[in-house]
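Okay, so chain A shows up in both of these, paired with chain B first and chain C after.
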Partner chain A sequence: MELKERLAAYFDGNADYFNVDIRLLQYQVQMIGLDSLVDLPQSIASLQTQTSNLDHASLQPAALLNILGKLVEPKLEAIVPDIMKGNLILFEPKSGTCSSVLPIPKNVTRSVTSPETENTLYGASSAFQEDVDTNIGILRKQCSGASMQVETYKVGKHHPRSLFLIYQEDRVDSRLLRSVQAKIKEGQDQEVHHIQQLGNMLGMNPWSFLPSFNMTELPQNAAHSLQQGKIVCMIDRYPFAIILPSHIMDMFRLKDDYNYALPFMYLIRLLRIIGALIATIIPGLYVALVSVNPEVLRLQLALSIANSRQDVPYPAFVETLLLLIVLELILEASVRLPKSVGPTITMVGGIILGQAAVSAKLVSNLLIIVLAGTTIASSTVVGFQNSVTLRVFKYVLIILSAIYGMLGLLAGIVVVCAYLGHQTSMGVPYLSLPAFNKKDERNG
Partner chain B sequence: MDKSGYQAAILYVVCHMGLIFFLYPSDLFTAMDMGHWIGIGISYALHAAALFLYLKGLAWTSRKNVIDMFRSAGALFAWLLLVPVFVYFGIAIIITLRAYSEMLTLVFLSSTPLWAIQLLLIGIAFLMAWQGMASMARTGVLLAILFTFPILFVLCLSFQNVDWYYLLPIIDHEQTFRFLIKPDFLVSLFVYAGGFFFLGLLPASIHISIKKMMLGCLLLLPMFLLSVYLPLLTFGQATAEMYEFPMLMTIDTVNITWLLFDRITIFFLLSLMAFALLYLGVTLWVLLTLTKRAVPVIPNIYLLIVLTAGLFAISMAIPNWDFLKKLQGWIIPLRMYVFLVVPLITFIIGWRHKHKTSRATEVT
Partner chain C sequence: MKKLLCLFFIISVLLAGCWDNKEVQDINYITALGIDYKEDQYIIYVQMLDFATIAKQEGTKQTETAPIWVGRGSGGTLSDALIDLYTASQQRVSWGHVTALVLSEAVLAPERLSQVFDMTNRSQEIRYTKWVYGTKDSMDDLFTVSPFFQLSPLHSLLHEPQESYRQFSFIRPIQFVNFIRLYREHAATVVLPSLHISTENWTENLKQHPLLEVNGAFLIQHQTLKGWMDRSDLTGARWLSTPETRASLVVLSGNKAAGSINLENPKSAIEVIREGKEVFYRIKLNVDGMVQNIYQKKRIDEMRRLTEATLREEIQNTFLKTAAIHADPYQLGLQLRRTDPSLWDELRKEKRVVHPASLREIDVHVSLRYWGQRKNVNR
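Moving on, here comes the complex of A and B:
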């Protein structure tokens, strides 16, 4: 069978496959590609412009095709991956030469826009997007030094994807780099479609409650991490830079903080730390104070709390858990819902449900305040994945507080601290000091 | 990963902070009537000297751990030396566990059964010991960051009710050193002894800097003094002597009108409990490491489970507070051994090792 038929058979179920004949100089050439990825008329026009001022007579087909693109073997196995990638195949049947040409592509990626999940106040507001080449371009503009290195890997057997490993040669810890490279090479056959699979490939603990990666949509944050000696990973079709390893201080630091005056920078970071503490401790504290150790509170305060809880029919633990779960539901729903419906949920959840729950004596007034404060506080930390972590930790504290009161609260804090102390990300302890790379004098 | 020596120093300070403020003041009040600073000074000087000898001995053998050092002098010798250490730390955990649970019931968990509190405490210690020393060292730093502020806050405020006249007489005309051999005084050495033994077992990844350790030791001196003198200045010797936990009573007297909470004791107690939990974890880890070297075939986790269960059972079997007091009296010889003899032996072995290597280099 000829190549043309074999290709037609291979792409039988693909309506966007095309194979057209065009004339380049004196040769009749087949043009093969996918309509959905290649802008055909524009590509033909561009090829013809390129060939029009070439010397006709002496040029052999192979030489001509070599000028236009990269010669490939005229075999099905060699051509198909190129077509899938969105390249254009030129095939000259008489001589049997074949070349893969970079066409004018159909525009299938969005242009660089402002970030969706992270907001910047005083910083550059272009965000990464799905196309990895664009991402690396943006990152190169942020990090214009010569030491930035970009390594590329093809990962996955059935659905190969490009994975990029970016680091600054003079900053990165060579042991860390070597271990990441070795892990990627070892797991090159594994499919990497999402972060869990990437974590598997890099040998992260899948059951960890802490984010093993730090993800950011903002090029300046990724560039900052590179300067700190971290490694940035990028996957094609994934609009986030994945930063390795992740640290506790990543919860509180942001590159944009440097755009404030120094005292404000420290104050804002302090605020985030306080926010994290409030988010984990306050619900547990409420349970401990209301149900086990009310004597710790000032008498007037204890009385007013008791008063507000007077008609609530169940223990503080159940009460807190009930409302917390409702809050989690609201949070999850508002992420899922389209932007036009989101505010409705907020209104229903906040005003109607909150007010009604108090009026119906299902929960106490104070609890509404406590939980609203908690939810707000847990979002003060940098990165949504970190706020999810905080949301989990508070349940440990609530359960222990319900059993042991204030002692349980403390025990919970110690357990969480011990847990943080035990976690590592790519062999680097999660609790290592901010000065991860001593070469950088501005680690912040 | 820590090369600066901060982790080890912080761990050392934190472990001692967890011990100082609870049992120490009442023991010292029973032991001495006047001139408490002399008693504190002598014990502190001994502590600093023992710490220095121990660290110096370790440093000379270029970061070998204590077990290996003792082994280099013969396997039987090592067994003889380390079995008392093992027994001492076992009893130290039991005493800490039991005494702290009693105290917690006393202060704010009157309806919770003792076993439940003990279970919680030893459970957390188990968790920490299981994770290993490197994790515990990092946890220690985090705990120090989180809880230092409340402790300092309470310590500053607890000067509210002091009467400086109680400081007098600074020295008694008939001051003798007879208190040194009183059992109560020897019991009070609990806080000085053994809190630093774990330094000899640290993995190589945690660096020890003698300078930073001695600075940490210096930091403890005001804490020792405060733990005794705050109750003394607030109540006077005659009253303070009667309390089981004089320091907690002192803080209970503090009244702050602008605070949300009625009793700031809770901050103090809980912050120190966090440190005490770390001490329990570290001591359990010391026991685990010693056992592991004695029976290397059994996996760590089983050893740890057996140890924890055993210690929990023994501490449950202690019938009452009086028995606990007696137990503390019985282990005085062991305590003095761990406090003074072990550092001295370490120093001597280290010194001999250094001598040998220097002679070897001279010959070559």
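Moving on, here comes the complex of A and C:
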């Protein structure tokens, strides 16, 4: 069968497949590609302008096609991946030469916009987007030094994607780099469509409660971690830079902080640390103090809490869990909802539900204060994935506090610390303080 | 096997612990404990407060007096009295918030006091930081007295004596830790403030309102009660007890009042003077003063000299009164024991550690810092 028929058969179910004949110089050439990815009229026009300047008579078809693009073997297996990538195939049937040409693409990506998930106060406000080449371009502009390296890997068998490994040669820890490279080469056949699959490929524990990567939408953050000697991964069609390895301090540090005066930078970071502590400890403390160890409270406070809980029928543990689950629901709902409906849910959930729950004596006044504070505090840490982690640890402490009171709370804190100490991210302990590279500018 | 271990671990965590513990609102908190001894019977009084007394609602002012519940149990021993008290207890009782312990005069005998301490200290529930008082009044009444404006009794002298002491000091309130420290020390004297109900000073809607006051103190030396003394006889002791003391003094010139000086921040030191077998003491005292009133025109130096003289008089007076019953609120004997224990031991046998002549010198220095906003009397 001829190549033309075989291709037609292969792309039978695809409406956007085209195969048109055009004339380039004296040759009849077939143009093959996908309509959805290639801007056809513009590409034809550009090809014809390119060829019109050439010297016709002596040019052989192979030489012509080589000028226009890259020669490929005229076989189905060789051509199809190029077509899927969005390239244009030129085929000259008489001599049987075939070439893959970079066409003028249809624009299927949004332009560079301001970030959606991370806000910057003082700092560049362009964000990564789906097109990985643009992303690397943005990143190159942030990292103007010469030492930035970009390695490309093709991963996945059925739906191949490009995975980019970016690092600064003079900053990166070579052991870390080698282990990441080895892991990627080993798992090149695995599909990588989302973060879990990437984690699997890099051999991370899928059941870990800690974020194994830090993700950022902001180019300056990615550039900053490159300078710190970390590795940045980018996947095509994924608008986030994935930073390896992740540390405890990534919860509290942000490139943006350096744009404040030094004392304010430290104060802001201190605030984030306090926020993380409040978010994990306070709900457990409430349960422990109210239901197990009221003698720890000052008498005035104990009586005041007792008064506000006088008609509440549930034990503090049930009461806290009840309201916490409602809060988690509100949080989850407002992430999913479109921006126009979100505020309504927040208002209904936060104000009306909270007020009603108190006046119906289902929960005490103090608990509303405690949980509202907790929810706000858990959002002060950098990165949404980190605040999810805090949300989980909170429940461990609540359960232990309900069983053992203050003792349980303290034991729970020890357990959480031990767990944090046990975790590693790409062989780097999670609790290690980032002194990756001695040449580094201060990590802060 | 691993799963079994896991299951075992989870079950053991969940089954142990305090799941069935009472919530904060299901507990009766005892706030004060009183112990009396009458006709071979120990009587225990406890004070409990309504939750509503402390949690003030916004907007609504409390018009009724906060309810105060007083429990009473009696028996041949303290345990019997406790058991008697528990018989009619309706809910779980928490002893973790006892902030005051009141002892009647009859309990201050060493053998009874040691039983009381055993009861309050053997369990870990009652704290060591409660305030300790003696009293000659009836405990029922003491515990029921409420402070001004229907406030919670927690704002009364019984539970919160320090604020009023810092503003105007008479007899220093004592916490249990300090009480037991001095009580067991051979050379020290405990000044145990005694509570009294006073109806003379304040009226509520023209009706006399009973309020707590400290009207004097019991002096206990080495576990033996030396006697009770009126507040006015003990005023000298406040200047040597703590730098927190603050009080005003009416300065006399001749027998007429020359003015009144507010004194604060006293810093004192005791010096032991040995002369052969005899021991004398010298008290050094530095106080800051502020002029409050002036009735006679005096120069600054003169005023200071008069203040120092009055203060010296006050300290001397208290010393003489207490030395007569061999009590020692200035802890002079303690200072001697610390510097020369063997000499103290000798003198103690002869009961000559402190006697009316042993206070050799009172070296008072007042620095008059502030003359007030007026310069003169007649302006």
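One rule holds for everything that comes next: the second predicted complex is superposed on the first by the 443 of 444 C-alpha atoms of A that agree within 3 Å, B and C clash if a C-alpha of one lies under 4 Å from a C-alpha of the other, contacts with A are read in each partner's own complex, and residues count from 1 in each chain.
What we mean here is this: contacts are C-beta pairs under 8 Å (C-beta built on N, C-alpha and C of every residue); 3 or more make two chains touch, one makes a residue touch a chain.
It should be emphasised that the depicted structure is a prediction, and the values quoted were computed from it without experimental measurement.
When the two structures are aligned on the shared chain, A:C417 is found in touch with chain B, with no touch to chain C. In the superposition on chain A, contact of A:A316 is made with chain C only, not with chain B.
Looking at the shared chain after the overlay, A:S291 reaches chain C, while chain B stays out of its contact range. Legend: residue contacts after superposition of the two complexes on their common chain; A:S308 is shown touching chain C, with no touch to chain B.
Once chain A of one complex is fitted onto chain A of the other, the partner contacts of A:L299 extend to both chain B and chain C.
Look at A:G408: by the touch rule set out above, it reaches both chain B and chain C. When both complexes are overlaid on chain A, the residue A:S432 reaches chain B alone and has no touch with chain C. Overlap of the chain B and chain C interfaces on chain A comprises residues 292, 295, 297, 299, 302, 403-405, 408.
On the chain A side of its complex with chain B, the touching residues are 292-293, 295-299, 301-302, 403-411, 413-415, 417-418, 420-422, 428-429, 431-432.
Chain C makes touch with chain A in their complex at residues 13-14, 16-19, 21, 23-25, 27, 29, 31, 49, 51-55, 94, 96-97, 99, 125, 152, 154. Those residues of chain B lying in contact with chain A across their complex are 1, 104, 108-109, 112, 116-117, 120, 124, 127-128, 131, 134-143, 146, 259-263, 266, 270, 273-274, 277-278, 281.
Chain A contributes residues 289-292, 294-295, 297, 299-300, 302-310, 312, 315-316, 402-405, 408 to its touches with chain C in the complex.
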